[in-house]
Structures are given as structure tokens and as C-alpha cells.
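Each structure below appears as C-alpha cells.
Shared between the two complexes below is subunit A, which pairs with subunit B and subunit C, respectively.
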Partner chain A sequence: MPTKIETRLGTIRIERRLTYSRLASAATTLTAFLLSLLVVAVILRVMGLDPARAFAVIGEVFLVPRLLSESVKQSIPICLSALGLAIAFKMNYWNIGAEGQIYMGMIAATGIVLLHAYYNLFHESMLLPLMTIASFILGGAWCLITGILKAKLNVNEILTTLMLNYVAILLVDYLVHGPWRDPKGYGFPLSIEFPDQAKLQFLFGSPACTGLLVAVVAAALVFCVLDYTRLGFEIKVVGQSLRVARYAGMNVSKIILLGSFLSGGLAGVGGLSIVSGIIGRLRPGASPGYGYTAIIVASLAGLNPWLVVAASIFFGGLLTAGGALQASMNIPRAATQMIQAIIFLFILVGEFLKRYRIVFERGGRT
Partner chain B sequence: MIEWLESALHLTVQMGTVYLLASLGEIYAERSGILNLGLEGMMIMGAALSFIFTLAYGHLAAIIASIAAGVLMSLILAVMAIRMRLNQVVTGLALTMLGLGLSGFLASPEIRRGILLTLNPNIPENLLGIQQAPTLPEYPIPILSEIPLVGEAFFHHNPLVYASYAAAPLMWYILFKTRLGLSLRSVGEDPAAADSLGVNVFLVRYLATMISGGFAGLAGAYLFLGFQPFWNEGMTAGKGFIALSLVILSTWNPLRAILGAYLFGGIETLQFRLQLMGWKAQSPYFLAMLPYLVAIITLTLISLENVRKRIGVPASLGVPYSREE
Partner chain C sequence: MEPLVKLRGIVKRFPGVVANDRVDFELRRGEVHALLGENGAGKTTLMNILYGLYQPDEGEIYVKGRKVRLRSPRDAIDLGIGMVHQNFRLIEPHTVLENIILGLREPGIRIDFEKHAERIRLLAEKYGWRIDPWMRVWQLSAGEKQQVELLKILYRGADILILDEPTSVLTPHETRMLFKALRRMAGEGKGVIFITHKLGEVMEISDRVTVMRRGRVVVTKSTKETSPEELAYYMVGRSAILDFGGVESAPGEVVAEVIDLEALSDKGVPALRKVSLAVRSGEILGIAGVSGNGQVELAEVIVGLRKATGGKVIISGIDATNKSTREIIELGVAYIPPESVRWGIIPEMRVVDNLFLKAYRYPPYSSKLILNWGRMFEKAEELVKEYEIVTPSVHAKARSLSGGNLQRLVLARELSGLIGEGIPKLIVAAYPTKGLDVRATNFVHKTLLRYRRLGAGILFISEDLDEIMMLSDRIAVMFEGRITGLLERGKADKEKLGLLMSETAPS
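Then we have the complex of A and B:
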């Protein structure tokens, strides 16, 4: 790489950093984050909108209880998927299929509800536990397909996980337009509404509180698995060096299979949290890209499960703010997606600055 | 019956051209070792800008603006993936999100009005609020377009379709028969070896990535101006990812991409036609899955070692290169 740029004033060099403290790393991420907001402000300004007011509207989302509870609700699928991604990314397994795994989880959860509603196969109290298990298994299986291809045939998981997203989305489209359509739904592509026992609101009757509990429990589990179990250790070794893992006698394909299953399973439960926590039924396009936002969240949180919870709530708030921005300032909803992407790009450049530093040397060409 | 078939084939070529244009550039990027997952975002930016610029200045400016937008976005990807050696997957996805968000933002009625007035203060008032733009005119090629069946399907199109006919063989020729193409493929195969032979790995990768961005922008312009001239937020609807599947199906070969593009275009045409013929509402969803499934199956097949060697999958796809390591 041409690591040197010579200018009249001096030389600019890019050097690899040998050490970088945790504090400096956090400071870099924070700076990148603030810079991204600055860029957003400039774009809004140029387009003739008032950035200060826009940020005030976004900030308000976290202060008004009703909006905060909506933000938390929106953050749950993001959080669960991002926790799954944290496992996969630690393993250096580039699962970008959380979106598809979310959709498969929604299919599993809805399937259980329909079995109950149409055939009355089990008691109401069994609904949520069965839905959770089913959505974990189906979401996990969806990722496991790519895991098997990777472990046995070394097929690139980036492309397979990405492609399977669309297959899952289309499968949901098919189900709600076809066999799973609510017979009393006036022909709209919607499933029946879930009964109350199938809704994620057992804690204080509030979907936000219940969801938050689920997210925190999931974060704790992922934290324990990654830091205190043999599997977690093996996942990290596989992620750092396949060769080391093989020399150490680890069963690499078994680890990839397990890791990908867990990763997809968590996204699957994320899907459950959409149909039973946010919408209360299955419909096409039920996830507006939570699975992709989860990738941002996992990167922003540096794959730390606890930070994933916090970052998810921020992005859940941003999604909620989209509606408020449109209502109060006539800013199109797409703006929130643009803001997400800009934050993401800056965080990535921050990652670069953590690994390298740019050195200026005075005194130019002679 | 003949007319039905003629118009179906015509639509197949129209749809296929979107995929063909986008995948031609992506083939170059991937052959050089860069996986451009920002394709979808660059396409939709192309579509949005061709909408705005057609209203302000006309078709030619629109096409140029779309290509420029694609190149500019791919330059961001190139700097982040090649110079900063950041993860290409994540960076590419970030650009796709950026494209989807920014295009929706810029082309939304509220914001678009201001942009149009800035670009062209004399713009007629009635153009400020409309959601559509005039399509590119079609020019039937004399004599050829009168051949039954094929004529209508292949030789009665707008200039961008004809450009794609010329671009595919040309890009195949450059990639496989010239020194430049050899450098490009060697950089994607083994950058260290290419570097030691004096190929400027970084320059080649920058160029290839920018070519992919330019073609993606053009594909977006064609999608909008060619046959879907109504602005719709997120109107590419995953077409960029279908183009990525096409790159895999074509096994990174521009000539095979032609066949694949019309195959995918045909599948999409069939979806419309079956719906019109009153087939059960669900059949289109399974047809729509085909491009993705085909890509996964192709990926699996080419992972087998002997097939891989025969086809020449770029071995360093997605791996950043550094002289230090």
C-alpha cells in the first residue's frame, strides 16, 4: 500500500498502531459518532432543514415515556439479532442473513399460533414457550444451511446468507398471500391476529418491559457462552485463526455448525419478538430491515453483548424518530435510514483509526 | 400467440438489461478481488438521480449524473476497502443502506422540489410535483427489427440496451484477451504475486471498483428511464442482489452474464404473465426465489475443487491486500 503521501508542507504517513488502550478506543468511536452527526447536520442544513430541531425531535424520543417504550419495543428484534451476529462475527463467520433468519423465526412463531388456533393442539400457556423454541430452531436451521455449506464445502457464507434473506422474505409473502391468510381478513395479506397468550407482554402487560427482559437475559446468556464456556473459547479461536484451531485439535466444522445455529437462532427469536411483540400478526415486510440494522449495532458495540443492548435501543429510537420527524418537520422517513448509514460509515472509519494512525511530518520534499 | 411471445421476449430483454449492466461492472470488481455489496445502493442512487436530472436537464445529463453517483459511491467503498483495508462486506452493506436512505431522502417530494429549483431555476412549475419522468425513446434498428420474433425482442429498444449488447463482448475481450484484463484477474487471484511482477494492485482494484460503481449507476438509470419511470422509494427492490447472483451464475464471465441476465429477465417476465393469466396468486413467489436459489446452487457447485480450477473463481475475493503482511 502506498503508505506515504508527500506534500509541499510535509509527509503524511499511515502507521500501524502497536497498542491502543480501551479508553482511546471508546473515545475514537465516540468521536466518529459525533462526526457522523455533524455530517448529517450539514446535509439537513443544505437541504434547507433545521438540524437543531431535527436532533431535538430525535432526542425527545428517549425522554417521552410513550416514545421511549416504542423505541425499546423496536429495539428488541435488532438486539436479539445483533447478539446472534456477535457470536457469528466472533467466529469470523460473516452472517449477513439475520434478516432472513428473522423472517424464518416469524414463520415458526406464527405456525405455532396457527396450530393452536386452527387445531387446538396444545394449551394456551404452552404457546409462548413453544413459539420461542420453534423460532429459535427455524432461524437457527436457516443459518445452519449456510454453516453446513461452509464447514463441509467451504462455500462463501457471505453470499449464501445474503441470498437466503430473499428466499425467506418471499416465503413469508407466499404464506400470507396464500395458505396462512386470515379467512376473515377481507383478502388482505395478513395472518390472523395472535391471541393475547401468544403476545410478548407477560411482564406488567407491557411489550417493552417484557422485550427488554428477554433482551437482557439473551445478552447475559451470550456473554456467558462467549466468556465462560469451552464453546465460546473455541468460537473465538476459530475466529482468530483457523490454523491455530486445527493445530489445537479442535473440531472446526462442529464449532462452525454450532456457532451458526446459535447465531441464526437468536435472530429467529428476534423474529418472534416482531410478530408477538410489535405487530401481533404476520404480514409481508414485517421486518423493515432490522436484520441489517443489527449488523450496524453489532459493529458499533464491538461485539460486546451488553453494549449491543444499549446500541439497539439507540437505533430503535432512531426508527421511532423517523415517524416523529415526518410528522413534525416533514422530513421523509428515508432520512433515518440515511442517518443510520452515515453513522455506520463513520464508525467503520473509526475502526481504521484504531488500527492505524496518520502521522504528519513537517518539512516537505527537498 | 406470436404477438404474445414477441412482447414477452421484449420484456425479458428489458428486464434482463438491468441485471446485465449491473453485473458487468460487478464482474470486474470481483475479478479484481473486491466484493461490491453496495451494488443495490449504487443502483438506486442512479435511479433517483436519473429521475431528478431528467426533470431538470434531460436524459443525457441524467445518465451522466447516475454514472457519476455510482462512481463516487464506489470510490468511498474503494478507499475504505482498499486503502483502509476495512471489511468489504460491512462497508458494502453500509453503502447499500446509504444509497437506499439517501435516494429516498433526495427524491422525496419535499426535498426534490428544492433540488430541482436549485438545479434549474427556470423549470416549469408542473414538473416540480410529478412522480414520473419521460422514458428514453426507443429506436428500432432498420431491417433487423423486422425479423419475426427476434426483431421485436432484441432490436426495438432504447440506446442503453444496444449499449449493453456492445459492452458485454467488449468487456469480455478486455478481461480475457488483453494485458489489462490479465493484470485485473491476476490481482484477484494472487495479489502478492501480481505485485511482485510489477502490477499496481491498488490502482487496478481502484479502477475495477469504480467501473462496477459506474455500471451500477447506469443500471439504475436504465431501470428508471428504460421501463419503470415512476419514482418509488426503494424501487430497485433487491435487483442489485439479483445482479450479484447473476455474477455468480455467470462464473465471473461477461459473455455468460448475457445468457444469465435474460434467464433472470425471463423468470421475472413469467411472474408477471402468470399473474395476468390468472394463475394462483402464490406462484410468483416461488419463481422469484429462483435467482437466489440458483446462485446458492452455483456457489456450491463451484466450491468443488476440480470445478473451481476449471472455471477460475477469483481466489482472493474479499481479501484485503497489504504489503506489510
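Then we have the complex of A and C:
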């Protein structure tokens, strides 16, 4: 990064901060958030909409129980994928393929349901456990492919994870248009509807409550893995410096394989939470980009598992609010995505300012 | 006569430190002026201010009697100031000629390369250098690169020359050549500032010496009127004479042996050509040589970080050739890597994490899966005390520690027997004191001697001949991937080592 920019008016330098208090950190994030809302307000005003009403709609999402439950439901796939990404990113493994791993998870979960429905291979009480295991394994394997390429051939994981997304998405398209299409579905590209035992609603019969429980348990697991296991320690060391990891005698390839598998596996379970928690069947485009939103969530949360849960609910809320805004104020979907992006951008700048200080010096070049 | 440079009351603050505190400095025409001090004393900061890289917070700069403001190196160059940095700033794939004329401001659009080449050749000859202006820089030795750096400055007509630790990359022979050339430059009325922390060089080359400590000037003296002991006292503020006590060693059986070892460098060219050595327990085997002659590769092959392409490594009687790093660690091999502050430490992790970078996977610090942080914290506290690591706490990030303390941390991790029982059998220490100040260097020396006494075999790689001769029981010299000589303690002197370290040695 350039640390010094010379302009006509003076020199701008970027210096690393040595310390930054927690209070100042919280204040920075809050200021960034408020500033982003201000910008959003201006944009809405330019679009000829009433910002106050829009903010009221967004606010309602977190206050009205029905909408809040919808928000939480939406947040589960984001949360699980982001937890997986937290592991990968700690390892400095740029997995941007959560979306594809989500789709593979959905395929695995649906596959188990179909095995039950068509062949009745196992008791229905076994459905959810088997679906969970299968979606974890298939999502994990999807990411593991890129891990193997990275560990053995040093192939850049950004490219492989991204490209595999399209493969997974198209694979779902193929399945629901072809072999997995509901025979009684009038030719629509949908799978059969999941039986109740395959739906993620065992807690109070509510997908939101059940999903939240799953998310919190997953966050706790990720937290424990990262902070209390040998693998977690190794993942962090590998993420900081491959060279030091080798020097310490760590088996870097093995760690990358395990780490990428865990990362993809969590996203796979995220896929399960979509088909059995939100939609109740498999259909094309089942994930409207949860895997990409998860990248934002993981970095906003600073890779902290608990903050991932909170940030996911916030983004789940924004997604729900997007729908509400479309419905009640006729704001286009693109505009709601822009609002998300603006908030994210401001918070990111805030994070940068926590780490670096920008110094202006008077007097330009002669 | 007007001094070439006069600095008055220079103050430069960085977050948390005052790097220069009301510093006065003067450079006269025709003198070589040594700027002496430990690492972090503020020497380089001061010179970066004079070269326009930093702006002082307070103070005045006079060059040739005129008060000036140096906003960038451009201003400094225009005033006839030139600096040779520790790391060369040359474009390797380009020719010497291209490097030297790069950035020259000359009217016209056509460059007369032949004319410049001829002039450069003449200039080089004046100082006794044989440099072909058409050679590509990557083909040159470190000493020749330095000559190119100097030529670059001289060609612009600089008469104020700043050299930052110029001898750290040179063989003794090249050092002598440099000193001759510097003398000559001073004879022409130029002023030379020579930054160093080596006392011997100060006595040899300088006319006057300014000693800095903790950002302040302690004294400026004529070199004739001082002594190395006095300078050492000024540098660290106390007598720095080492007392080793009982340097006699009683070497035991061979703990590690390499036989006809061959390996490639990172670039894929042979770095080790049939190297054979044996380290016995209770001895320090010094490896002398200019860095980049295969020393690091030797260390890395032994500890399992680099593949051997031929030959054998035997540790404690077990064939350890191309075993994994982890297996070799488990054989009782400790490794202090070169630039361990960069390659042996993770700055963004805590002190405790860094202490247990290797031992985290062994009982009692973890079971098969789960880490036992309680045990680790307990032990970390002990180690911080035992190795006198100055840190706010074991929870602090390693990045907040100074270089000397980080090296203590590495020593604690490698030597304190966290893995297996007792002390390491073999200690491979690659440049363990490079870049450290006198106090930290002392600590490293003492620690290595302590482990020698305890019976470890130590392979000690250094390019500082004084240090090598002081600590080693035997000294092997490496040049271009070969061992060019093996000398017993007491039979080695600088002349002999110097010959073995360069191509002038009989093969």
C-alpha cells in the first residue's frame, strides 16, 4: 500500500496505529453506520422517496415479530456459510465459493430426502441427521477440491472456489429440470416438497427458532475449534505465515485440507437450512447470493464467530427489509442491494481507520 | 572552514518514541566521520532526515553554510548529498550504466551511452575499481553492487556521502578496498558519513566519531583520542566487556553429522556442493563466510526445511535425511532461523502463542485434540521470567516487543526443553545476533555458551568474524557451497578466515 501520497497542497501519509481503545472502536463503527444511513437517505431523496418512511420500514423488520422471524430465517444460511468462511479466512484461504458449497449442500440434503421418499431406505426420524451429515460432507468436499489443488499444486483458491460456484449452480439446474423433477409438479423445475420430518422446525415448530439454535451451536463449535484445539491453532498459524508454520513443523498441506473441508462443510449445512428451513424443496436459484453476503458478514464480524451470528441477523434483516421496501414503497431490488453495499463500505472504511491513521502535511512539491 | 553539513537541535518523534532528541552533528570537508551506536540508537533516522526521507519535527539543517529544508531525496541530491542504503536500490536486470544514469537530469532527448560509459569507467578507475558499465547488475557480487551505488552518487557530483552499515555485506578483502576508496574520496575534499555499530571499523577508517545512544548524541571525538573500550562505554552506557569464564570445552560424541550434502537454492541452482561436517556435543562449531554462500541452505537441510539432493544428514545416529521438520524437531533439534524476528515469530499472535509454536502439540500442553491453555500460560509466565523477556504480559501481541526481546522469546522457545525431556541435542543457530544491540547480543552469546556447557552441540552460523572467533571451538568456512577450511580454536585469525571466505583461497 502506498504510505505516502504527494499532492500540490501537501503530503498525505498513512501510518499504522499502535493502539486503539475498545470505546473508540465502537464509536468509529457507530459513526460509520450513521454516516452510511445519511448517504442512503440522500440517495433515496434523490430517487424521490421519503427516507424517513424507508428507515421506518427497515426498523420494523427488527421490531415486528413476524418480520423478525423472517429475518432470522434468512440469516441462517448466511450465518453458517460465514462461520465456515471465518475458518478459511483465518487460514488466509480466500474461499469465495460459499455459494457453490451451499448449492452442493442443498443437493446432498435433497438427495437424502429423495432416497427416503422414493426408496424408503431409512426411518424418517433419521432424515435430518443424515441430511446434515450429507450436506456437510458434500459442501466440504466441494471446497476440499480447491484445497487439494492448493496444497498439492499451489493453485490459487480464489479462482477455483469462484469457478466451482457456477458448476454447482448449474448442477442444481440440471437435477431439478431432469432426474429430480417432481413427477406431479406439472413440469415445473422443482423437486418434491420435503416431508415435515425433513424440515428444520423441530424447535417450537418454528424454522427461525430452530435455525437460530443451529447457528448458535455452530458458532460455539467454530469458536471452540479455533481457540481450543490443535487444529485451530494450526489454522491460525498457517494463516499468518506459511513459512513460520513449516518452520514449526506443521503439516501445512494437511491443515489446508482439513480447514477447507470444514469451511465448505459449514456452507453445505447452510444449503440444508435453505431447502429445509426456508423453501421446503429444491429449486433453481434457491440461494439468492447468500454465499456472497457471507463474505461480507465474515469480514464485518472480524472473523469472530459470535459477531458472525449478530452480523448475519443484521444482514438477514436487510434482505427482509429489501422485500418489504419493494412491496410497500416500490423500491427496486437493485436499490436495496445498493443500500447494503453502502453500509458495508462505510463500516469497512471505519475498520481501516481503526488500524491506520491518515496524516496531512502542509506544503507541496516545489 | 565552513562545515559541509551542520545539524542543529534535530528532533524526530515516532508514535511512542523519540528517535532523535535534540541532535547536533557536523561533517567537515575531507573527513570520514563515523556515526556509531547500537541498533535503535537513532543513527539511521538522523541520516534519513539529512537525505530528505524524513522531515524533522524540530531543528535546523545547514548544508555548505546555507540553511535548507529537505522535502525529499530530490532536494538532498541537488545539494550534493548521496546515500548508500543497507539494502541496495539497484535494478538488477539493468546494466550498471543504466542504473547509474537513471534519473540524471540532462537536456536533450538522446542519451549518449558511449560517452557516459567512458566517464563511468574513468571514475571507477580513480577509486581502484574495475567495473564494466555494460554488465548487468545481477551478475555482480555484493561488493561490486556497492561500488555501483557509490558510482551512482559520485557521478551526480555528490560531495556528502552517507553509507549505512556498508561493510555488513562485504568480505574482509572487499572491506579493505572500500576503505581505500573512502580515504581517497575524503582526500578529494568530500565528506563521508559512515554509519556502523562495529568498533573495529570506527578505529580503522574514521577521522572523527559521533556516538549516539537512545536518540541522543553522547559524544563527538577525534578517533585518535579515543579507544574501542571508551567507545563501547559510550555506546551502551556501561562497560560491555564480556566475561565468559571457563571457555575450555570438553566435546563429547558426535550429535550430528552431514556427509557429502548437496542441495539447491531457492533459484534452483546448487547451493551446497558436497558439504561434510560433524558437530559434537558440548562444542560450538562456527560457520564463517559471507552470507549467501550456502550457510542458510545448510541449516535448512539439517532441520528438514529444504530437500537434500544428495548426501546424508545423521542426527543422534539416526538417518534424518529429508525427514519432515516435525520428525527432526522430535529428534531434539532446535533451530534459530535467520532473521528470526521475521521468520520465527508471528507478530500478530500473542507471546504465549509464539512460545508454544512448536510445543503446542505435545503433552502436557495438549492432548490428541485439545489444547491445555492453563498449562501453557503457566509455563509461559515462567519462561518470560527466566529469559527476561520484557513484555506487558504473555497476552500481548508479539509485535509490541522489541527485536532483542523477540530473540529472547525465540531462544526460550527453542532451548528451554519444552519438547521432550531435557535440553536440545543439536542447536542450529543462523545469524542469531544479526541486527541486535549489544545487550541482546550478549544475552544470545551467554545463552549459547550455557547450552554448550550443558552438553548441546551447536552449529553457529555468523558473518561477524569477531563473534565467530570468540565463541567457536572450531570454525568451518563456507564459500560458494563448499567448506573451504576447518580451523581449530586459536589457530584462526582474520587473515586466514578472510582468505578462505573469498575466491582468493586455494581450493
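To be clear about the criterion, the second predicted complex is superposed on the first by the 345 of 366 C-alpha atoms of A that agree within 3 Å, B and C clash if a C-alpha of one lies under 4 Å from a C-alpha of the other, contacts with A are read in each partner's own complex, and residues count from 1 in each chain.
The rule is simple: contacts are C-beta pairs under 8 Å (C-beta built on N, C-alpha and C of every residue); 3 or more make two chains touch, one makes a residue touch a chain.
Just so we're clear, the structure is a prediction, and the values are computed from it rather than from any experiment.
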Overlay done on subunit A, so just call it for subunit B and subunit C: clash or fit. fit
So in the superposed three-chain picture, is A:N330 touching just subunit B, just subunit C, both, or none of them (first/second/both/neither)? first
Once the shared chain is lined up, is A:R230 touching subunit B (first), subunit C (second), both, or neither of them? second
Identify the partner contact of A:E15: answer first if only subunit B is touched, second if only subunit C is, both if each is, neither if none is. second
Considering only touches as defined above, state whether A:I96 meets subunit B (first), subunit C (second), both or neither. first
Just subunit B (first), just subunit C (second), both, or neither: which does A:P129 touch? neither
After superposition on the shared chain, which partner residues are touched by A:G285: those of subunit B (first), subunit C (second), both, or neither? neither
With both structures superposed, pick whichever of subunit B and subunit C touches the larger number of subunit A residues. B
What angle, rounded to a multiple of 10°, is defined by the Cα centres of subunit B, subunit A and subunit C, with the middle one as vertex? 80
Would you check which partner chain A:G205 touches, where first means subunit B only, second means subunit C only, and both and neither mean what they say? neither
I want to verify one number: the closest Cα approach of subunit B to subunit C after the superposition, in Å. 5
Overlap the subunit B and subunit C contact sets on subunit A and report the shared residues. none
Partner subunit A, residues of subunit C touching it in the complex: 15-16, 55, 71-72, 304-305, 324-326, 328-329, 335, 337, 343-346, 348-349, 353, 357-358, 360-361, 366, 369-371, 373, 400
In the complex formed with subunit A, which residues of subunit B make contact? 35, 37, 76, 80, 83-87, 89-91, 93-95, 97-98, 100-105, 108, 110-111, 114-115, 202, 233, 238, 241, 244-245, 248, 280-282, 285-286, 288-289, 292-293, 295-296, 299-300, 303-304, 317-318, 321-324
Per the contact definition, I'd like the list of subunit A residues that touch subunit B in the complex. 1-2, 16, 47-48, 94, 96, 149, 153-156, 158-160, 162-164, 166-167, 170-171, 173-174, 177-178, 292, 295-296, 299, 330-342, 344-345, 348-349, 351-352, 356
Listed in rising order, subunit A residues that touch subunit C in their complex are 6, 15, 17-18, 228-233, 236-237, 240-241, 243-244, 246-251, 361, 363, 365-366
